[in-house]
Amino acid sequence: MEGIAGRKPALIWAVHLSVVLLVVLWTLPTFGLLVSSFRDKDQLSVSGWWTSLTSTERNLVVRAPAPDDKGAQRQEGAFHVITGNVFDGGGAGAVSAFGVSSQDPSAFAVGETAVLKDGERVSVTETGDFRIEADQPMTGKRGQRLFVTVLEPPLFTLDNYRTVLLSEGIGRSFINTLTVTIPATIIPILIAAFAGYALAWMRFPGRTFLVAMVVGLIVVPLQMSLIPLLRLYTDIGIGKSYVGIWLAHTGFGLPLAIYLLRNYIKGLPKEIIESARVDGASDFEIFVKIVLPLSFPALASFAIFQFLWVWNDLLVATVFLGNNEEQLVMTGRLRELLGSRGGNWEILTASAFVSIAVPLAVFFALQRYLVRGLLAGSVK
Amino acid sequence: MEQLLVALGSMALGVGACALYFWGSNRLLDLVFPARSAHAAANIRRANLIRPWLFLGPAVIILTVYLVYPVLNSIWLSLHGRTGEEFVGLDNYVWLFGDDGFRESIRNNLLWLVVVPAASTFFGLIAAALTDRIAWGNIAKSLIFMPMAISFIGASVIWKFIYDVRAADVEQIGLLNAIVVALGGAPQAWIALPFWNNFFLMVILIWIQTGFAMVILSAALRGIPEETVEAAVLDGANPLQIFLKIKVPQIWGTIAVVWTTITILVLKVFDIVLAMTNGQWGTQVLANFMFDWMFRGLDFGRAATIALVIMALVVPIMIWNIREAQKDA
Amino acid sequence: MSSVSLKEVGKSYGRVEVLRGINLEIETGELIVFVGPSGCGKSTLLRMIAGLETITAGDLSIDDERMNDVPPAQRGIAMVFQTYALYPHMSVRDNMAFGMKIAKKPKAEIEAAVSKAARILQLEPYLDRLPKALSGGQRQRVAIGRAIVRDPKVFLFDEPLSNLDAALRVATRIEIAHLKESMPDSTMIYVTHDQVEAMTLADRIVVLNGGNIEQVGAPLELYENPRNVFVAQFIGSPAMNLLDATVTATGTQTTVGRADGPAVVVPIASQASDQARPVRLGVRPEDLVLTEAEDALIEAEVDLVEALGETTVLYLKGANGGAGTIAKLPGIHPVKKGTRVRLKADPAKLHLFDEAGISFRHR
Amino acid sequence: MSSVSLKEVGKSYGRVEVLRGINLEIETGELIVFVGPSGCGKSTLLRMIAGLETITAGDLSIDDERMNDVPPAQRGIAMVFQTYALYPHMSVRDNMAFGMKIAKKPKAEIEAAVSKAARILQLEPYLDRLPKALSGGQRQRVAIGRAIVRDPKVFLFDEPLSNLDAALRVATRIEIAHLKESMPDSTMIYVTHDQVEAMTLADRIVVLNGGNIEQVGAPLELYENPRNVFVAQFIGSPAMNLLDATVTATGTQTTVGRADGPAVVVPIASQASDQARPVRLGVRPEDLVLTEAEDALIEAEVDLVEALGETTVLYLKGANGGAGTIAKLPGIHPVKKGTRVRLKADPAKLHLFDEAGISFRHR
Amino acid sequence: ELLFKPGEDPRFNWASYEELKKQDFSGKTVTLFGPWLGPDKDLVERTMAYFEEATGIDVQYSGSDSFEQQIVIDTQAGSAPNIAIFPQPGLARDLAAKGFLTPLGEETAGWVKENYAAGQSWVDLGTFAGKDGKEDLYGFFYKADVKSLVWYVPDNFEDAGYEVPTTMEELKALTEKIVADGGTPWCIGLGSGGATGWPGTDWVEDMMLRTQSPADYDAWVANELKFDDPKVVAAIEEFGWFANNPKFVDTPSAVAATDFRDSPKGLFASPPACYMHRQASFIPSFFPEGTEMGVDADFFYFPAYAGKDLGQPVLGAGTVFSITKDSPEARALIEFLKSPIAHEVWMAQSGFLTPHKGVNPDAYADDTLKGLGEILLSATTFRFDGSDLMPGAIGAGAFWTGMVDYVGGKPAAEVGADIQKAWDAIK
């Protein structure tokens, strides 16, 4: 195909460009999230992530120490002075203008002196040092507000991740999630592989019906099952436990797993299985020694899906595992972080990224099996 | 550390118990009906009658408990009132078909059912076709597939960043509005924009599912015999004609499978709607509608009725799939 | 070391009867080949012997023991499949050892059996490779090795060579012939639809057609003395020419008259009742030779000439556009398309079939 | 209606040179066959002519027009693939019409062209079927029909018969021969590795080996007068036997002496400089006949006998375990394995090759 | 580990703490499940620590922001906690009707009536019909919120020369004056993820109390006064006067899409994006970090019309403690909630208001809280958040959607009719 004569190079360029466009469109949202998660939280909420490399102009409101506070006020010659720096509370940058009233926050350029109604004089330098002086001692419980226009350099920080990762119990949740996810990925695969083999290669009455049933059950919305199942668990004493959630994930993942694996196993060459039979292998041995190794691509690709699903699941986990410290899973923990800090984009971004890191790793590790495994057998 | 051990222990226990069942039950069967004895033939025949059920046993039991029973339970519930105690006949169904929320959900769901599978498959097909022709196609594929690994909730966070809206006079931090503003438009509250907001939500699922469609379709495209394409080249077809008239028709089967899978997903997914709008601004869909009635309305009868409608919507696809499955059974 | 006997064996898939009333005795050490057109039931019969298909009628015995209900592994057979059916995830060594491992044989014994088989088949250098790293011929050798290792009473081969290219097919065929020689006690049953394979390998050939046995016999017997039209045409390539004729005189010799040629006297006995019977006169293309004689068996226009150097094949037009005859002449003959040629044959090499297709020699 | 000319054509994939310095003039109306062992570059050459592979060196002209950079569809060629390459989703009719539809030909013209091709190939009953509902032979006919419809200057065939079974292969081969006859003006280039096909169909055969042309010539010329050992062994089956020898006398006839047999006088000229030269004496298996004479060309023990009825093939053991010789005797010969036989050959049919493998007749 | 050492701080009623010690439940546990997460969770745990310390009961609190779904599933499935903390009484009533709650008994009802300001109304709010239809006290209110508040930045008012309005008329005038001055008066955001729309319901409820009589309000909550009644429609339109005037709000096109947690940030922007924000007493949690209450931000009572003689109505809300799985320990915990110390310890931290008359108001951590507490205790008319009292399908469904639709441009009458229709459908 590559070598066809008379091909136009323009066409090749068009293909490259289109792919670039597609890739950009598809990665841009995630990329934005990634960039955002490293940004300073104050910048994050006022400027788009695409501006993160340029300095941003921000209007800050700073309150000078209240005159009534001890030690805030000094006498310098004839004047009573309050000094400080607008960046005392954090941040950095160059001040370009300031104001003393919310009505006109950038009334004065740096270096100028603003005179307040009560005669106090305020000046701010470019580095953010401010000075308030008055002829009489100043009074009041509220400090003077200073409005400064600051050109802030781009700020990147790992704080967001620190907050998320170091938040209490996240390690525990990580282990909990693994405890849920690994068996909840392996058990359905094991059960489905056995069932898939039986449905593909063993002869027994009712096989066709079972296959039809499996396909039919793929579409059952799992929300229907939550309450009856939890009631059942409570009745038989499983309650909220790992066993319960493993089985639940197994149940919900099973129809698709059986369907995919059966298709794949059915597509294995008949002769290989017969050959093993002639070699004296029982069905169990055929399954374990021949079918299982040969189905690895299918197992892996289903594993990806089941893993992603279980890892990202919140509903099933909260229903069957409970919310207490000992049992909370990652998604639950992150949602808790979000729930209590809904407005904090920085937590939102970092925690969203933390939550997709492991699935992404699993995906990249197993993706090469994906195609082979999923497709074989399902399409003729 | 101790947690870790407990975790490892219970994982091993869970997986081990499952493996042990299969191994043990087979072993038991072989002991009861030994294959190398006087009645070898009869024993083997008897064992072969039982063995499929050993293999299928756990699957059948779990499917029954986790899926069949809840379906039956739902049917029963749908004929009962909110407490699930008084029998109300078909009242729930009558109510449902007269309900505005339901009509809105059905309308939106139909939109979703048409748009999402179509768009995902379409973009997946385009991506597959294009990435297969270039050297860095695999990298491109991985990147396009990446959203698949992101949870619906995570995706919602990501897209909130795209659809975010600020007052017209401050800087937009939502990408879409930033673009609109840069082009001289006024910022829009995208997810509140009647009717169109449905599409903004669908975009999220399309974004997620395109990778899936792409991966599968790309495999199918590569399975097309090269010679048919070369024959078409000789016949004078241009690349577009080859794609549309030669390649696409040959992978219809796969396209149908991809389409079905995404369709089923569309009907089941409620997370995106829940997280983005919870059905406000006219974006209700059935799955979320059901969720609403179950947990806000606390009316299990109605929730079950909606669930059954969701299932009913998939029945045609289900029948088609069952037929396909039986063809090679 | 074992004889196989089939008694009235039949096979039905539901209502479809695929094989019926198969009777066959295969002796220890024999190499029997099943041939027949596609779909005639060769593979099915073989798989029934292997135990991979249930036998729906009749009895199968190996060494006088009824085997109908014995599972494949216990029948003492080994099978080589057309598609090799190697376990793709196991090395050559493990492929060959699999059966013995399943049977929990001691390690040393397995090792010995595998290396012996590998030596016979010259597979030693490949023992640790995976099947995908082997050529087609090597794969088929591994498949055969796997069978040898099991030390079976009966070897079953289902078209083992049909996935190989022509040159490899010849080479592997010769290898199988040598293998047979080196294991004189093993019974082998071999399925093919390639008659060259059948002719060259078989002690006896079983010709199957439509679920029935048409003829059983040594290869040359089938060639020289086919029981009926089917066997006559199936064995030999190009197929035997058949000329319509009518018996005009009977006795130890039979005279037949023909519409489009002279009468022929064939040295085959016939009865008086055969008088005036419509028959078909069979003559193999390679038995025809060019002649100048007026009373040639065949005189026809040449439709196509295939000069292969070694032989020259003439495709002759039939009378009135009917089926033509084919002649295969040794060496190079400068015959041109469109010329008329005359051909004769040694009367001893002619065959005579009645309306039912049965050879006069076999009545 | 068109001639094809290749001038110093070569092809490299990156550093790998697959074809080099191919010079070939194909005349209008000729049927040229490319043969050669697998991987020698036959398909690559054909695909370069088709435009499916770029030409990395030299010039390709069709009708004296340089074609190197012309896209495939504009070259006036049509190609038939080994795997048929039918569009599986289109009916037979649409398959044949596709090219014309793409070219936006008027409906009536398409209709006429399709029905004409269908008539020629007897495909009329199948026009509305999908390819999957056709047998292999029918599919290949459709593929040929698709080529005919395009009314090309040059037909290209890439092993069109190798997916068919033996009987169909013969039948379809004959059909192609007829097709060629009915279109005397079309140039055809045909790739195969089956020498029977090559011999029977070709006007001229091009023998390729390792990216070079070994010999170009009419089929019988190659058989009777191979230019070198490669061609000699490649054409004819089983391959020509080669016996080591040394020139002992030169002149219009050459005498060679042999270590393991009597001296032989071959009616081939040699020069004085050839004296004492080590040579190889070639004799085709089918040219050997049994003899009782003491001074037989070959005397050896029979290793294996393949009795095919029509012929009997003897595999003879070589001296000291070396490569044996093969003899192919017409008819049935009651030779037993293990006996010693003597074989002679007509000296006129012997070949003589020098150390470089070049035939003495071609020097 | 106790935040305030017993016996030390005289603001606290340590006697009530000592009283608790008389019970001994060592080794017992009680499970508590509520909606509080993060800092709120720390607060409740720190408070419960006193109960644990005194009685030896281990309190296991877990929180979930999908509490509403979770508790439904858990009660249905029989795996309920001992005590559930409902953010609103509506859901508790539904569960009581299904028989999943245990009555708290006459004695507790009497206690609430005695000790809570406007005791009877708290008792009424916590009294539901059980499965058998019999009315009982099922919900114990602990931790209240005042909703009729407007938050502002005093300095901004000062800079612009605005006065805190004391009547609705003044508020409206101020709103228009700010617009005339070129500013934006209000920040309104109804967004709340899955619960989007609820802040709008609070507006409407406040407007109902300011335009109609308390009796009408009660009738409306019980749907005796229909949603499409002109009175209700008028209240919705009152809300619209503020929210639907593009000049009055910060992001007019995105009122519904702006998250209620982001919305107040406009107050603190420079220049201010808006001057006022009407929201309940919990909102300071979402003010920018370092905001000092009383200095950087303050509140004033969302005023009533001077022209209408409806007094000073206050809209409030509260969390309801109910026993979902009965046990002596659960009972003991309810008893604990009655003791002043249980209130005072939380009051002294943050975000806690109580109608308990027997606690020391000085225990409030700051003046703002104290002020809020006073509003709660001295309201002439106190009414509970109506949407919380309506059935879930309305109060947490149709009403929310209606608000979203309304700020999206749907006429008030239609919105009212839609909600009423939904209400009719659930009967």
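Should a chain be cited, it is by its letter among A, B, C, D and E, assigned in written order, with residues numbered from 1 in that chain.
The rule is simple: a residue touches a chain if its C-beta (ideal position, glycine included) is under 8 Å from a C-beta of that chain, and two chains touch if they have at least 3 such contacts.
Predicted model, so just to flag it, every value in this text is computed and none were measured.
Of all the chains, the one whose CA centre sits at the greatest distance from that of chain D is E.
Ranked by C-beta contact pairs, the top pair of chains is A-B. When each chain is reduced to the mean of its CA atoms, the one lying nearest the mean of all protein CA atoms is B.
Chain C and chain D have CA centres that are 28 Å apart.
Computed from the mean C-alpha positions, the centre of chain B lies at a distance of 56 Å from the centre of chain D. Chain centres here are Cα averages; for chain C and chain E they lie 93 Å apart.
Taking each chain's centre as the mean of its C-alpha atoms, chain A lies 68 Å from chain C.
Residue positions 71, 74 of chain C are each in touch with at least two other chains. Residue numbers of chain B whose C-beta contacts span two or more other chains: 35, 170, 230, 233, 291, 294.
Residue positions of chain A touching 2 or more other chains: 4, 45, 227, 229, 335. Remark: chain A residues 45, 59-61, 63, 66, 89, 101-105, 141-142, 145, 147, 226-227, 229-231, 233-235, 239-240, 318-319, 322-325, 332, 335-343 touch chain E in the complex.
On the chain D side of its complex with chain C, the touching residues are 38, 165-166, 170, 174, 177-178, 194, 196, 199-200, 219-220, 223-224, 235-238, 284, 286, 304, 306-311, 313, 315, 328, 330, 332.
Put simply, chain C touches chain A in their complex at residues 47, 50-52, 71-74, 77-79, 81-89, 98-99, 102-103, 146, 150. Across the complex, chain D is touched by residues 225, 227-228, 230-237, 241, 245-246, 249-250, 252 of chain B. Taken together, the chain B residues at the contact with chain E in this complex read 83, 95, 98-101, 165-168, 170, 186-189, 191-192, 194, 274-275, 277-281, 291-299.
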